[in-house]
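Next come two complexes built around chain A: one with chain B, the other with chain C.
The block that comes next holds the complex of A and B.
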C-alpha cells in the first residue's frame, strides 16, 4: 500500500514496521482479506468464545503449575506447612500439590483458576454444541467442524480426567481405580490394557508420570491443533446467521472483524478471565489438602468425578451388578454395559449430522440457522438426549441428593433406572408438542397479526380485539424457513409392471423422513396466498 | 483326734462333713459377698438410679419396655452402658420423635443432670461402656495427622473425607460431624449408635480415638480454615459442578448477552 512513499517524507515508525513485516510475512494481503470479515451479532454465537477463552486461561495457568508440580510417585514424608498432613507418607505428586497450595506464591489461586476454568471450559463447549445442534448449524458444509468440536469435547473430558488425577489424592485415586475397573471389564483385552497403562498392578509407580505427559503434552497438543482447525473452518465457512430481512444464504449481515469484533472479543476475553478469577478467588475447588493422599485401602463416601465424567459415574452407579461366568472367565456386565453406553451416548452426538442429512437427502449448503421450533423432531431428539444425560448425572450424584433432600438412595437409583428409559421418550414427545404449538402460534401471528390488547366495540354491539398486522420484516423472519416434504419410496412397481426392488435402507429412510416431516410432524407454514386471502377480507379477526 | 479318726467310718460321718462344708461356704459367702441393695440405699448413686428410673418410666419405657428389656418399637437397653445413653439423649436423638429409617439429631430435651440420672439407671441394668471423662476425649495433645489417617481408614467411607456425612442404604445416613462435641464423638465410636459399627478400645484404643477427634475438630470444626475461599459444603465435585454451571457459566452467559446487546452502531452516511 504505502511502499511508494514520498521520498521527502520519512514514514512513521509503525508504518515502517508494518512494511518490514509485510515484506516477509505478506500481512497486507492477509489483513485485506480478513480484516473486513463480517460476523453476525447474537449472544449465543459467543458461547464458543467462552470455551475458547477458558481454554486459553487453562493453558496459561497450567504452564505456571508445571513449574512447581513433581509428577512422581516416589514416597516422601510430608513436612510442609499444612499441619493435618505432617508426618504422613505420600507421593511426591501429592506433596508438591500441597506445596503449590500452601507454599508457592499465588499457587492456590492459580490452581483454582485452572480447575474452575476446566469445569467452565467443558460446560461452555457443551452449551456451544447444543446451540449448534438446535439451530442446525452442523449442516453442510459444517459437518467436519461439528466433528472437530465433538472431538474437542471428548478430548477435553479426558484431559480433565488425567488432570484431576495428577495430585494423587484419595478422591482422584478412587476415580482412577474406577477407570481401571472399567478397563478390566473390557472383554479379552481389559487385563492387558490395564497392565500396560499402569505398568503392572494398580496403582503401580508410573501412573502419575504417564498421566502427566498425556495431560500436559499429548491431549492439549491435539486439542490446540483442533481448536486452530476449528477456527480456520469458521473463517472459511463464514459464520451462520439467523433468518431476517436482508439475510440470505449467500451473505453475512453483521459487523467487521476489525475493529468491532477484535475489540469485542478482546474485551470479552478479559471479562471471562475476570469472572473465572473472581470465582477462583472466592470459592474452593478440589481442596486436595482435606482429601489425603491416595491409598488403595482407603476410600471416602461422596466420591464423584468432575461433572463432565458424571454421567459415566451415574451409568455405573445405577447399573445392576450383573455378571456372566463362563469357562473360568468373568464378563462383568455391570461395568461393561455402562462402558458401552458411555461410548454410544457420545457417538450418537457425533454422527447425528450425517443421519439427518441422509434422512433429508439435502445436499445443499445451509448458512441460515433454523429456529429450534421449526425443526421439531431434531429439537425433540436433542432434548431427549440431554434428558438422558442429565438423568445419568443425577444417578452419579445419588448419594449427595439422598442426604441433602432426605431421600432414600435406593429410591433415587430406581428412579434413575426407570426414567433413563422413560424420561427421554417423554421429553421427546413433550418437546415436539411444544415445537408444533409454537409453529402454530407463528402461523397464527403471520395470518392474523399480533393481539394488540385493544378492545373495539362494533356498531352492533359485538366486542372484538384488534389484531395488529406484523411488519414485513417480521413476516419474513417467521416464514423464511423452508420445510421438507417427506421422502417417498415411489411406486412399488416400475413402468413395466415389474416389482421394483426397494432396499431396507430406502424403507427405513422413508419411515424416518415421515417421522421428521410427515403430516402432523410439522405445521405447514402459511403461504402467500393464504396471507392475501385473510388480509384482504378486512374486519374479521 | 483319736476319737475323731475312730469315728470316721460312722454312718453319719458323711452327713457331718457335708454340713460342715456347707456352713463354711455359706459363712465365706456371707463375709465376702457384695453389699446388698438395702445397705447402699442412701448413696448418691442409688438416688441417681432412682431418679433415672422415674425419668425412664415417663420418657423411654413406652418403646424400650418398663425394665429396659426392649420391645417391638425399641431395642433392649440391658448392657448398652451409660455412654450410649449420654450420646443418644445428649444429641437429642432419644427420645425419638417418630419411627423412620433413622432417628435424626435434634435439640436435646433433657438437662445434662437428667441425662446422667437416666444413664445411671440404664447402666444399673447391666454393665456396658461408661461415659468417658474429659481426660479421655479431650483432643489436646493428640496427633492430628495420625487421626486423619485413621479417619480415612475407618470413618471416611461413610462420613466423607472431612466428616460432612454421607448416604447409606434405604434412607439411612452417616450424619455430618460438624458441631458434634468431642465427648459425643468419643461415645459414638465407643458405642456404635444406630447404623454405626462400634469401635471399642480393643480395636481403636483411647489414644487413637483422641487422634481422630483432634482431626475432625481441625478439618470440620468452628475454627477450621478454608484457604481456598467458601467451601461449597465440602461435598466435592457434585456441588462444584452445580456451582460451575449455574454461577460460572451462568454469569459468563449473562456477560455474553450484555456484550452482544452493546453492539457498534452502523454510521449512516
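The block that comes next holds the complex of A and C.
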C-alpha cells in the first residue's frame, strides 16, 4: 500500500487488515455472498441453533474437564475431601471425578454444565429433526443434510453414552455392563467383540481409557466435521421458508445476516449458554458421589440411563426372554431382537426422505415448507414413530413408574408390550383424521371467510353469523400448498394391445401413493372457481 | 422404479409466483407479493428508541456486574461450604453462586443483543433469489468432457493390468489396520465358562469377610458370598467377582420344588449365581414369602424354590446353581465350579 502515493486518504486500520486478509484468503468474495445473506424468520428455526450452541458449550466445558480427569482404571484408596468415600477402593477415573466435584473450584459447575448441555444437545437435535420432518424440509435438495443431521443425532447418543460411562461410578458401570451383555448376545462375533472392546473379560482394566479416546477424540472429531458440513449446506441451499405472500420456491424472504441474525443468533448463543449455566448451578445432575464406585457385584435400584438411551432401555426391558439353543450355540433373541430394533427404529428415520421421494416421484427442488396438516400421511407416520419411541421410553422407566405410582411392574411391562404395536397404529389414524379436519377447516375459511362473532338478524327473523372475508394475503397462504395426484399403474396393456409388464415395485408404489394422496387421504384445496361461485353471492351463506 | 414412470401431470403445479406479483384479477389466490412494512414504535418515536437503547445498555451492564459477582464468589466461598437454599435444599454455595452469576452474565449479553436486534435494527424483510442447485447442461457437459479427457490421459480404461492391480493393492492395504486390532484383547476361549469357584472353596460372607457356617444363614435372609481367597485389593477382583458373585438363601427343604436344586443344597441352603442371565446386572432384591429374586435393572424375576427358573422379565434362562456342602470344620464350601456359564448368554454358550 505504501507505494500508492496518489491516494491521499489513508484507509482505516480495519480496512487495511481486511485488505491484507483478502489478498491471501479472498475474504471479500466470501463476504459478498454471505455477509448480507437472507434468513427467514420462524420460531421453529431456532431449534437447530439450540443444538449447535449446546454442542459448542459441550466442547468448551469438555476441554476444561480433560485438564482434571484421569482416564485410568488403576485402583486407589480415596483420601480426598468427600468424607463418605474416604478409605474406599476406586479407580482413578472415579477418584478424579470426585476431585473435580469437591476440590476444584467451579469444577462441579463445569461438570454439570457439560452433562446438562449434553442432555439438551440431544433433546434439541431430536426436536429439530421433528421440525424438519413434519415440515418436509428434508426433501430435495436437502436429503443429504438430513443424513448428516441423523448421523449427528446417532453419534451424539454414543458420545453421550461413552461420556457418562467415564466416571466409573456404580450407575454408569451398570450401564456399561448392560451394553456388554447386549454385545454378547450378537450372534457369532459377540463374544469376540466384547473381549476386544474391554481388553478381555468385563470390566477389565482398559474400558475407561478406551472410552475416553472415543469420547473426546474419535466421535467429537467426526461430529465437528459433520456440523461444519451441515452448516455449509444450510448456507449453500439457503434456508427453507413457509409459504406466504411474496414467499415463493424461487426466493428467500427474511432479514440479513449482518446485522440482524448476527445479533439474534449470536445473542441466542449467550441465552442458551446462560440458561444452561444457571440450570447447572441450580440443579444437580448425575451425582456420581451418591452411590460410590462401580463394582460388578453391586447395583442400586431405579438405575436409569440418560434420556436418549431410554428407548433402548425400554426395548431390552419389555422383550420376552426368548432364547434358542441349537447345535451347541445360543441365540439370545431376548437381547438380540431389541438390539436389532434399536438400529431399525433409527434407520427408519434415515431412509424416510428417500422413501417419500420414491412414492411421489417428485425430483424438483422444494424450498417452501409444508404445514404438517397438508401432508397428513407423512405427519401421521411421524407421530406414529414418536408414539412408539415414547412408549419404549416409558418401558425403560417401568420400575420408576411402578414405585412412584404404586403400579404393578408386570402390568406396566405388559401394557408397553401391547401398546408398542397398538399405539403407533392408533396414533397414525388419529393424527391423519386431525390433519384432514384441519385441512377442511382451512378450506372452509378460504371459501366462507372467518367467523366474526357478529350475529345478524335478517328481516324475516333468521339469525346468521357474519363471516369476514380473508385478505388476499391469507387466501394465498392457505392455498399455496401443492397437492399430488396419486400415481397410477396405468392400463395393463400398451397401445398395441401387448401386455405391459407391471413390476411389483410399481404396484407397491401405486398403493403407497394412493395411501398418501388418494381420495379421502387429503382434502382437495379450494379452487378459484369454487371461491368465485361462493363469493359472488348466489345465496350460499 | 425411476421417476419417469410418474407422468409430469401427476405432479402438482407450482403456484404462480414472481416476487411482488400483481394479483391477477381472475385468480383470487394468486400471490399478492410482499406485504408493506409495518413500522415499529421505535421506528417512528425516537423516545421509544432511546428507551430501547437504555434497556440494551442496562442488560450489558448487568452482565458486567454478574461477571464481577462470579469472580467474587470464586474468591469468597470455600469449595466445601454447604448452604440451605429453599427450595433446592442443601447445596454447595460456590456451585450455586458461580452457576447463577455465570448464567446471568451470559444471559444478559444474549438478551441485550436480541432486544437490540428486535427493536432497533431494521426489520424490513428482503427477498433474495434462489438459484437451482443443479448445474446447467453446459457446465455439466464441460465437466463430463474434462473427466473423459482425464480418464483418457491416464489410460485407466485401456491399461487393465494397472487398474486391476491398483484396486487390489488399495483393497488389501487396510487389512494391516484390521490385523493390528487383534491385540485389543485376548480370545474368549473358555474364559466365560469358568469362575473362581472349585471343589473345597469356602463361601466367604461378602459383608464380614468371614467363612459362612450353615447356622449363619437364617430363613428369609439373603446373603452374598465370594470364593475364599478373593480379596478386594486383588488386581483381578472386579473381573473375578463379575462371575463369581453368589447369593445364598435358606429355604425349607420341603419347599424346594426342583429335584436337582434339592440335591445341590445343604439343609435347604441354596447358592445361586448373583449375576443375571439377561445382561449381567447383579440381582439384589429378594422376596422372602415367595422366594422370588428380582434384578433391579430390567426386572427379570427368578423363582429360587424352583431351580431359579425365570418367571417374569427378559432373562432367557435360569440362574446357574452352585453345588455346596459343609467341610470338616463346619463351614460351607463349594463342591465344584458352576456347571454352566454364569451371566448373560453368548453365542458359544450352547
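The definition used in the following text is that the second predicted complex is superposed on the first by the 532 of 541 C-alpha atoms of A that agree within 3 Å, B and C clash if a C-alpha of one lies under 4 Å from a C-alpha of the other, contacts with A are read in each partner's own complex, and residues count from 1 in each chain.
Please note the rule applied: contacts are C-beta pairs under 8 Å (C-beta built on N, C-alpha and C of every residue); 3 or more make two chains touch, one makes a residue touch a chain.
This is a predicted model, so every value here is computed, not measured.
Participant: Which of the two partners, first being chain B and second being chain C, lies in contact with A:331: first, second, both, or neither?
Facilitator: second
Participant: Check the residue A:369 against both partner chains and state whether it touches chain B (first), chain C (second), both, or neither.
Facilitator: neither
Participant: Could you say whether A:273 touches chain B, chain C, both of them, or neither, answering first, second, both or neither?
Facilitator: second
Participant: Identify which of chain B and chain C touches the larger number of residues of chain A.
Facilitator: C
Participant: Quick one: classify A:130 as touching chain B (first), chain C (second), both or neither.
Facilitator: So A:130 meets neither chain B nor chain C here.
Participant: Mind working out whether A:199 is in touch with chain B, chain C, both or neither, as first, second, both or neither?
Facilitator: second
Participant: Going by the contact rule set out at the top, does A:177 touch chain B (first), chain C (second), both, or neither?
Facilitator: Only chain C is touched by A:177; chain B is not.
Participant: Given the touch rule stated above, what does A:264 touch, chain B (first), chain C (second), both, or neither?
Facilitator: In the superposed model, A:264 contacts both chain B and chain C.
Participant: Is A:152 touching the first partner chain B, the second partner chain C, both, or neither of them?
Facilitator: neither
Participant: Answer with first, second, both or neither: which of chain B and chain C does A:219 touch in the superposed model?
Facilitator: The answer is neither, since A:219 touches no partner chain.
Participant: Shared contact residues on chain A, chain B side and chain C side combined as an intersection?
Facilitator: 102, 108, 112, 255, 260, 264, 267-268, 271-272, 275-276, 279, 281-284, 295, 297-303, 398-399, 409-410
Participant: What does chain B use to touch chain A in their complex?
Facilitator: On the chain B side, the touching residues are 101, 143-146, 148-149, 152-153, 156-162, 164-171, 173-174, 215, 218-219, 226-232, 234-245, 247-249, 251-253, 255-257, 259-261, 263-264.
Participant: Would you mind writing out the residues of chain A in touch with chain B in their complex?
Facilitator: 41-43, 45-47, 49-50, 83-88, 101-102, 108, 112, 116, 119-120, 123-124, 127, 170-171, 255, 260, 264, 267-268, 271-272, 275-276, 279, 281-287, 289-292, 295, 297-307, 310, 396-400, 402-403, 406-411
Participant: Under the touch definition given earlier, write down the residues of chain C that touch chain A in their complex.
Facilitator: 1, 3, 5-6, 9-15, 17-20, 23, 26-35, 74, 79-80, 88, 91-92, 94-100, 102-114, 116-118, 121-130, 132-133, 181, 184-188, 191-192, 206, 224, 226, 232-233, 235, 238-239, 241-243, 245, 274-275, 278-282, 284-285, 296-300, 310, 312-317, 343-350
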